[in-house]
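First the structure, then my questions, so here it is.
As written, the chain order gives the labels A, B, C, D, E, F and G, with residue 1 at the start of each chain.
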Amino acid sequence: MVASLLHPLTIFILGLGGGFVLPLVYRLGKTWLKATFFLALSGMALVSALGLVRLLLGGDAIDILTAGSLPPVSISLRFGLWEGFFTASVNCVALLGALRLWPRLSGRYAAMLLYLIFVMGINGMVMTRDLFNLFVFLEIVSIGTYGLLSLEETPAALAAAFKYIMATVLASTFFLLATGLLYYATGTLNIDGLLAQREAIGGPIGAMALLLLLGALLVELKPFPANGWGLDVYETATDGVAALVSVGVSAGVFFALFKLEPLFAGQRNLIAWSCGLTFVAANLIGLRQRLVQRLLGYSSIGQMALMVLALVLLRRQEADGVESGGADVAFALVIGGLFLNHLLAKAGLFWLAGAIGAREWTSWPSLAGRPLLLLAFAILLVAIAGLPPFPGFWGKWELVNALAGSGDYGWIVLILFGSLCEAVYLFRWFGACLQAPRPAAVPAFFSGELPVLVAALLLVIAGLAAAGLAGISSFWLFLPLAAGAALAVIDPILPGQVKCALMLALVLAGGLFLSQGLDGMRGLFAALLLSGGLVIASAGFYRTDARPFHHALLAVLLLALPALLRAETGLDFFVTFEIITLASYFLIARSPAAAPHLLPFLLFSLAAAFFLLTGFAAHRAASGTDALTALGSAGADGALTFVLLASGFLIKAGALGVHVWLPGAYAEAEDDVSALLSAVISKVPIIGLLTGAYLAIRSQNAFGLAHGMGWIGLLTVIGGAAMALREDDVKRMLAYSSMSQLGYIVIAIALMSHIGWVTALYLVANHLMVKGILFLAVAGVTLRAGSRQFADLGGLMRSMPFTFVAVLIAVIAMSGLPPLMGFGGKWLLVQGMADQEWYALAVLSLVATGLGFLYMIRLVHGLFLKPQPPNRAELSSAGSLREAPIALLLPQYALAAAILLLSFYPSLVMEPIAAAIDPAFSAGLVWRGMSLQEIYGYWNPRPLMIVIVAAVMSAIALLAMLYWFRRKDARFLRSTGGKESDALSRFFAFYEPMLGVLVRPMASRFWNNVARGVEALGCLRRVYDGDGQTYALYVLYYFLALYFLGSAIPI
Amino acid sequence: MGFPPVSHLVLATGCSLVLIGFYGMLTHRNILRIIIGFSLIDTGIHMILVATGYITGGTAPIIDEALSLDAAATRSVDPIPSALVVTAIVIGLSVTAIMLAYAIRLYETKQTLSLDAFTESKW
Amino acid sequence: MPDSCENHAANEPDFVRSFLNLWVVLFLIWLCIASSLAADTVVVGAIACLVMAYLFAGRGGLWGRIPWSSRRLGHFLAYSGVFLVEMVRANLAMLRIVYAPQIAIRPGIVRIETRLQSPLGRLALGNSIALTPGSLVLDIEGNALFLHWLDVKTEDPDAAAKMLAGPFERHLEVVFG
Amino acid sequence: MADVIMRVAAVLIFSGLFAGLIRLVLGRTLIDRIAAIDMLTVMSISLITLYAHLSGRFTYLDVALVYGVLSFLGVLATARYFENGL
Amino acid sequence: MTDIIGSLLVLAGAIFLFSAGLGLIRMPDAYTRIQAGTKASTLGNLLVLAGLAVYHPGWTFKLLLIGYFVLLSNPISSHALSRAAHALRTPFVTSTTVDALAEEEEKHGKRIPS
Amino acid sequence: MIRRGFIILALVLFGLVFARLIGAYQEQSVLRPLAEHYVTQGPRELGAANVITGILITYRGFDTLGEVAVLFMVAAGLGLLLRRDGDGPSVSANTPLRPASELVVTGTEVLLPLIFVFGAYVIMHGHLSAGGGFQGGAIVASAVLLLLVTQPLTRLRLDLLSITESFAGVLFVCIGLLGLILAGGFLDSRFLPQGQLGAFFSAGAIPIISILLGIKVGAELSVIIDRFRR
Amino acid sequence: MLDLLILLICTGILASGVLAVCLKDLMAAMISAGLTSLFAAVSYVLLAAPDVAMAEAAIGSGLATFIFLYAIRRTSGGVSTMETGEE
């Protein structure tokens, strides 16, 4: 009896029976009404969920026969794995949505009844195996929607609902016509029967019926441009109803399409094009949208289009017999992952938007006072953007992999482009919310918050479940997230410094655990980054405030580093990479000043990530495995993979041209975070480059590419140095300096030789320590002097002597002057380039070194040596201008000590590095250049001298020439005419006109134009003129286009 | 008489009715007229469906003195489209009712039935 | 079902008669519709008509005022005969007008008085007038009937009443009172 | 013989219907149209019964009755609408 | 024989129905059209039903019912329609002689003379 | 004008589509297997002389259930949409309704029972002749409408109607469940004896379902109509 | 015979359909739409689908039209919009 109660038929009995009973119960009293309503809803959810569990445990699909006859004669329904999944998820969301909608529902039994039967209708659409029955359920769902839409009574909402009705009635009319014609053509209405005789459905009528059916289903999913009606409803409806439309109706229709898709085998390209267009167009137009719910509408439409696109492309592959291991799992992950992601995240966001109540995201209040809500908001956004660890990410990962497998790179580009646009508007919204001055006045906890939080929680759980399915190699990769979550939970109750200590302990323990068994280069990196990270992070003690979530995010960030090194597959690597990106994003976002720089940071990070994603997918397609070690054994066809991976990592490393995100993000983060980002996190792309670059070594034809990469590195060095020189903000200068220094490392890696890589690792260690010191020092300076502008600073040598010493050590180490570490690095680098006969590069890199000197001198001079500006006098007299706090000094001196130690005992670092590098080159396939021992043992001055002389000559010539042409530059006069009158300042002013040409913000301007151009494409939205009749005309034209394109017969 | 088969005529009429309905739905700005257009489309679709179920010389699939059980297989028309259309008619009425209710509500908000007044949300 | 507010008629003495009359009429109608004398049909029909009769008997007492008697039946038959004849005549007259090459009529609205009081009788009269020579009830107010007359022969109310309503009124007065 | 007569009768009814249609289209006033509709429905009742006879199906008569109810109701409702009674 | 009678009855009915249609076209104003349409079509219909009853004696009762219904409903509907027409002041044909109803209504002040 | 051009173009294109449909359409001369099964086996299996009713109520009973739900939802949705909560311009306030003429009222009173009986007949004979719950229910609702048209001041007992429709709906589901328990499956009507084909008491539970359907549809349609009144 | 009948009915359907779209007066258009349904019901009888015909007559042309009527009444502010004389 209990078993039969759990039969899926119970869902319908609960839905319908519950609906029919409600008016009766209404007369009994409100409590009964509420109890009945929620009982029926949760019963439906329970039955479907238990059914799903039973199927997951290996039960058979249940066929529900009605009328005691077999399917062709009577209607039958099926509850299989997919059906179970869809119904269970929809029912759960419906239950949550009912909680959210409760203020609107309570007391109106009519609305409850509509809601209940509506949910049942979605279940019916999912389960039924009869075409006409599908139509009936579609109508139930539609009418439920129409009724629920009337809950919002503004004229705009009613008008939107009417537009919605017009379009959907057209669609369902065509659905009915198609059903009838299909029956005429085939003699059956049973979906299985139709699928079985798919081949036989021919002739003009059969073809027409199929196309109309397809059109009806697609129109219900709101294809571009026939979707304005849907958007208006999303914009104006009550959030709970909009969520239902976005999630529930779409789920039902999508599943109908999913079921019927084999019928449309001949039209797959057509569907794919339509959906691809919709996906891109929706996200492009979304860029210009300011209204939250409409924005979510665009996103929703895009997501549904993406799902259909994925479905069609994967099924096409299946039909073509493209080999891909575990195709079923991949398919399940793509469809299930994308679906669940959309379902939970979109519903959650709609609810949240409704609870917040601001119509435009630009006017959103700050959620800072509601940390839990903020967390949920972040989770939902990240999930929609398709980032790990949420189900949508695994879906997208598998999708891109599958597409790479069949060589559909065009589709990959399209999908990723659309996703990027989507991420832009979503995170822009998040940024606006973070920066909003006004705290949120969120209404009742029960109706607004709980469903959102539950949705976020479910997303996390689903994401982790999907991770297992996606074949992530170890769940320890999620240790950082777990640690972060643990810290986040206790975050509100502890004081900041306790949290800091706790975080450090946690990171130490977790880091040690995670880096267990890492050897070679990974071990080295793990040791370097972890210890560096801990040291720098310990500077956080200097802040005594609570810093909500700061430490949790820091824990995630730091622990993700060893996790990244543990990655065994591309997937592992990518997931941790993304976690690092996100953690950095949120860390930077904590600083209010970073607001304008958040979006570029995320955008470029995502672009980088998408390059990586495609790169890994290409790798898997080429080599058949996802393992990172296989990167080393790729053959000549690895070039594409290399280019993709290298592009991704170069973007992330801030190579010239794509560096625009870097200075802002590094400079405007909180001071200790900047140190960490620049010193430690910036090494992540270097790890990636080193991992991915095996490829280039193994495949001969990639050497040219590596050379190109070397040039990019060089340009980055010069550009970074030039911009640093010009910069008036200390932190920004350091950020540019970071960029420049990373350029050296890139060059070193690009050498693809033993010596090159040794150099790279050496520079990594050097840069880590140097930038750590410098940023922390600046943190101290900012703390004490209250400004970061050179114009405001000066003469700090006396008040901050310890800081001055640390900075001096760091600057010397960085500049490459003997006797500190930097010298060895530069020397090795030039030597390596000479070995590769890259003389031009070598010369220019020396020129760049000269530029580097200049800005470093300016740093020391501007902060410590030059006299204190007069307007700052009162600071020192007030006594606030004193030495930095000990918590900041200690890490600096720890790092300085390390620099000194390693400078005087280079073998301490060289030997492990050499030992780590050796295995990579021991196979000896490609073996150019000398080994380290040789360099030390063998002095080859001639080429080096030539290089140095040439460099100096050309540098002088270049500067002279530039000065000649630009001496009358206005800026020259302006900047020297004022306050900085000491000799060194004039000296720098002298360089201004020469370098000005280098440092014009060409890249920023370029990217701004790109952004503006992309956003201008959003003028596509002009098609939505708000007129229901126009929308109806679009729908008709959509049908016509589908018909004439699909039926291959010219008009 | 040289006429095309009867169901052809009904089919063609149904199609034309759908077109007429489209025209009405697309050209009139009055909401009620748009709804009239929709109901014409609905009727047209029903006609098309009924026409496709017709069997030459068929009679209603109701067993009585005029149609024995044995003769039914050869003489009766296809019952399925009829059954579908009965359902569809009821659903059509439901949809019409909802649309009209919306028309009334829209009228109450702005005292007009012209669609021009209801294009607030766009882009 | 469509109960009106005034469903308290069950207490009126008229109710039973009204109910029985209605039941008989309905049952006859049922038999006509069903066109079958099979036992189950009849029984179910009788029950269904009972329900209907109960529902409607309370409405307005329309059916309560029809006592059955042979005299009334006779007059009813007479009325029917007159009515049929008049109807055919009227239609023939109409044919004449319609097929005439030139339609030469002088239509107009005249007022007549009727003696009939019972609603059913007045209904029958109105219907009869509508179907007989060239006249149509436009409105009825109290005892005054306003007729649209296709070819006005007289404007005098009494003369018109005699011409138009006279043949029926006589019988109907007896039948319905 | 009977057949021929029936045929003639049918043609006559068509013509009548057609005349009604013409009045419907020509209209002049709305009342004319409704009068035409009223007549058309009554004719349709005849037509349906006639068709029931042609095909020998008793059950079609029910449709005629429904039709009668509806035509009555329709005219009554529109008339009431016009005299401001709804 | 019966079928001849039946078909003749039907024919007669058809003639009336046709003349109803013709009347509808030819009559000069709405009221006269209503009259023509109602009378002729009712009788025509009854005759057709009667003719069919001759054909199929088994159908008689149902046909009788239909006839009864038409007989009852048609005059009522034409009455209601003409009343509405008058309420709307649908114009009369010029040859109309007298309008007692309008006079009456004017007397009671219900209607503003047009 | 451009817009009109686009509309005409769309119509022309749809005309082409439909022209192809008409061109390709062939009137069938024999039944397809499924239809033949319905026509020949349906009456035997279900005992319902009217195959269409058999299909509607049993074979495709699930559709019918859904359809009833649709009507039910519409009635409820109209309740939401057309609430008479007093705000907004009330039309009835300024224009008193003109009562119907006496003849019409009397005529309606005479015809109402007749139509009701006819509706009951159509509902109850759904398995034997054309008609069934939907059609009969609609006729009953028409009768109600007739009442409302001629006596516009009538107030329907909406509470009673909604309870009626709810009960009918619940009973419908229960009978469906009885089919599941006593016969072959959900909505199987064969848990009652089939009887003689063509007899009044035949076709298992079909007449009962038909009656429930008729009551429910009649009540729902009446409610829907009433919602639209002022 | 049947085809002639159907031809006539189809003409009726089309004529009333066109009227429903073209007539200036909303009321007249609505009634024409109802008539279209009513004719369609006849065509269903002729195509041997009496059940559909009953449903269409009672629901499609009957109730739907009346709901329309009420809707027009409720949206025209109680003032009859149709013209009484020449169109």
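Criterion: a contact is a pair of C-beta atoms (placed from the backbone, for glycine too) under 8 Å apart; a residue touches a chain by one contact, two chains touch by 3 or more.
Not measured: the values here are computed from a predicted model.
Common neighbours of chain A and chain D (chains touching each): B, F. Any chain that touches chain A and also touches chain E is listed here: F.
When each chain is reduced to the average of its Cα atoms, A sits farthest from chain F. In this structure, the chain pairs C-E and B-D differ in their number of contacting C-beta pairs, and the larger number is found at C-E. Taking the mean of C-alpha positions as each chain's centre, the chain lying farthest from the centre of chain D is A. For this pair, chain B with chain E, the centres built from the Cα atoms lie 30 Å apart. Rounded to whole angstrom, the centroid-to-centroid distance between chain D and chain F, based on C-alpha atoms, equals 23 Å. Each chain gets a centre from the mean of its Cα atoms; for chain E and chain G, those two points are 20 Å apart. Contacts with at least two other chains are made by residues 19, 22, 34, 38, 42, 58-59, 62, 65, 69, 72-74, 76, 78-80, 83, 87-88, 90-91 of chain E. Counting partner chains per residue, chain G shows two or more touched chains at residues 2, 4, 46, 48-51, 53-55, 58-59, 62-63, 66-67, 70-74, 77-78, 80, 84-85. Listed for chain C are residues 29, 33, 35, 123, 126-127, 137, 139, each touching two or more other chains. The residues of chain B lying in touch with chain A in their complex are 22, 25-26, 29, 31, 34, 38, 41-42, 45, 48-49, 52-53, 80-81, 84, 87-88, 91, 94-95, 98-99, 101-103, 105-106, 109-110, 115-116, 118-123.
The part of chain E that touches chain F in the complex is made up of residues 69, 72-73, 76, 79-80, 83, 87.
Chain F makes touch with chain D in their complex at residues 95, 97-100, 104, 108, 111, 115, 118, 122, 129-131, 135, 139, 142-143, 145-146, 149-150, 152, 229. Chain A contributes residues 132, 135-136, 139, 142-143, 146-147, 150, 153, 155-156, 158-163, 165-166, 169-170, 172-173, 176-177, 179-181, 183-184, 189, 228, 231-232, 235-236, 285, 288-289, 294, 1021-1022, 1024-1029, 1032-1033, 1036 to its touches with chain B in the complex.
Taken in their complex, chain F has these residues touching chain A: 3, 6-7, 10, 13-14, 16-17, 20-21, 23-25, 32-35, 37-38, 45, 58-63, 65-67, 69-70, 72-74, 76-77, 79-81, 159, 162-163, 165-167, 169-170, 172-173, 176-177, 179-180, 183-190.
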